[in-house]
Amino acid sequence: MSDLLTHSIVEAGRWIDAQGWCPATGGNFSARIDNASAWVTASGRHKGELTPYDLLKVNLKGQPIDSVLKPSAETLLHTALYALDENIGAVLHTHSVASTVLSRLEASDSLLLSGYEMQKSLSGNQTHNTTISIHVFENTQDMQVLADQLKEVWTVTPLQWGFLVRGHGLYAWGRDMSEARRHLEGLEFLFACERDMMLLNR
Amino acid sequence: MSDLLTHSIVEAGRWIDAQGWCPATGGNFSARIDNASAWVTASGRHKGELTPYDLLKVNLKGQPIDSVLKPSAETLLHTALYALDENIGAVLHTHSVASTVLSRLEASDSLLLSGYEMQKSLSGNQTHNTTISIHVFENTQDMQVLADQLKEVWTVTPLQWGFLVRGHGLYAWGRDMSEARRHLEGLEFLFACERDMMLLNR
Amino acid sequence: MSDLLTHSIVEAGRWIDAQGWCPATGGNFSARIDNASAWVTASGRHKGELTPYDLLKVNLKGQPIDSVLKPSAETLLHTALYALDENIGAVLHTHSVASTVLSRLEASDSLLLSGYEMQKSLSGNQTHNTTISIHVFENTQDMQVLADQLKEVWTVTPLQWGFLVRGHGLYAWGRDMSEARRHLEGLEFLFACERDMMLLNR
Amino acid sequence: MSDLLTHSIVEAGRWIDAQGWCPATGGNFSARIDNASAWVTASGRHKGELTPYDLLKVNLKGQPIDSVLKPSAETLLHTALYALDENIGAVLHTHSVASTVLSRLEASDSLLLSGYEMQKSLSGNQTHNTTISIHVFENTQDMQVLADQLKEVWTVTPLQWGFLVRGHGLYAWGRDMSEARRHLEGLEFLFACERDMMLLNR
């Protein structure tokens, strides 16, 4: 089972790198093992060149289990998501140009998307004819602050599919790696469309 | 023969995914078998990772033949096209950023393209010096409604090469998979040019 | 020798297709054999999937030599170039979005480029600190007309590196395939920069 | 050791070419051997198709050591960097559309970047919440002039990570090839974001 999980992270890294969404060792990925632990990428690795030896186990406080590897600085956000929703099985944090730029241009704390068929790639959406909201958090280097804000927002309304961090990138998740990849790919497509609509529609 | 047809769909999927035109399990592809049936992609598969086992036979009402797989929701549009024109041998439905955005920005029901040499990639065109029209349908989740509108429009003037669904994407077709791919690639190139003309020409 | 020449065309096709510069069977490529003949791509082939069997010999009037294959419609422009300058050894005709759009937006018959280091990729240029001119011909489906205009312009001032056809694409050439590819790649880079300068510099 | 160094340059070339950052034989790359010499790419090679035979040793004045190959014209800037900072182990000079265009649009001698998480990919940066400056030199064909200006600027304040040459491209470096690649990839991502911010934020 762990082999399948670690392989799914390595594979996701190659694919995400080929899309240009994790340059310069940016990004971090994880997959839940059970109620108390997850595999997560070690700090500083190029995400297109991962091997299973670049992954470590952490508990849901983000602390390494039986490993000398240093977890990514943002591990705390991954494990916060696993703790907030037992149905989350995989988390992908990426840096694309579109997610970086749109999150800076959105002045509010919500990026609204509507009228796109691609919204249906996000689980639970059956129609283009609705408005979905992607939360935008302010960027901070203090991961505990960001994790606390995430919990606070979640308590009011659980987030779905993903959230943005301003000038930083996207966190996307799913019940397994396959769904997390679909949410990531769907959201990046929507961001690319929204960017073009902003450019062309004025 | 079926092996060649199913292979042509699998190959088209890999190529279309590499272009970025079927993200997040979006899109669906088909190839006509005979006057009464076609191979079509099953629902929910990532189109860049298709195998022959992700395809099923349907009749021209879009119903599965000897298969427990669920056809794509939009199968009805594929089979409507096969019923409307016996010369159509393959249909490719894709989601690109350019087709999504241009179809939203076009206020009328026709996207007009003129003055491009690439128009000659669309069968029957011998010159750049003409205007071609790509129909734009309103998006709806009711495929029967969309299929009926398609038939209604077709009765007045048969469509050629492809049509757009607003905020959704492109349907392109041809007498065989090779021509369907050429029409898809030609139309996407024209959309990319038209997007740039809108950006630069003001 | 012919094996090397045909291989150089097939290889160029794969590379050009990977750049997205010959979609939908567009484009045509050739390599000079001697003072009286050249290899040229047959009509209607996808340029990313060429084999040596998709090439034929033509004389410098563009007529097939010992072949039943149909040469590309634009063969006449290739052979006109070989006749105009004995130092031209290879010609690449491509369709990119940037060359299509820039050639439509340029109102005059010359696209001027200056201040780019990349101008040095075009043989004979030793500095960025000059202005180079790429001729823009009006598009026509009559290749004889276009070939005659080319000869007329050339008689006044021989063209260098390449020319544009409006709304159509680029012809680039060199003393051999390697130089033709460098001129093509350099010009496409310059067009991409010029497009961005137009977008950003206003 | 030399085998590892030359391999690291060849590999960097393939990767950089795949990103589109060294078209048309543009760009040049190097890796320090010791306090007095470095491997550098020979002039005129396509950087995506390098072999170890396309590299030569030079001393820190940019003169070939035991080689008949001609070093790249810009070797003097590589060796100037090795002489200025003993911690620099690898230098990558590239030509991207974004670096070419942004360097032309920036009127001052500094491109300022702030508010991007990706700034942390540049060694020594721990936060997005700061402003970093990338020096922009005027382009010249006289490499000695450019090397002298570099030394002059460096004496006042040592440059970090990389610098731009106007209308020309980027020099990026690091303590080894891996860090040089990370700085290159991080800077190119930041340039792509900044370009989009300029387009969208007005």
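By letter and in written order, the chains are A, B, C and D; residue numbering begins at 1 in each of them.
Going forward, contacts are C-beta pairs under 8 Å (C-beta built on N, C-alpha and C of every residue); 3 or more make two chains touch, one makes a residue touch a chain.
Note that the structure is a prediction, hence the values are computed from the model and not measured.
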Homomeric contact chain A-chain D: same or different residue positions, threshold half: different
Length of the line joining the C-alpha centres of chain B and chain C, rounded to whole Å: 32
Euclidean distance of C-alpha centroids - chain A vs chain C, Å: 45
Touching two or more other chains - residues of chain D: 199
Chain contact graph, described as a line, ring, star, complete graph or other shape: ring
Touch list for chain C against partner chain B, complex: 23-26, 46, 95, 97-98, 100-101, 104-105, 139, 141, 165, 167-169, 195, 198-199
In the complex, chain C residues that touch chain D: 115-118, 121, 126-129, 182-183, 185-186, 188-189, 192-193, 196-197, 199-201
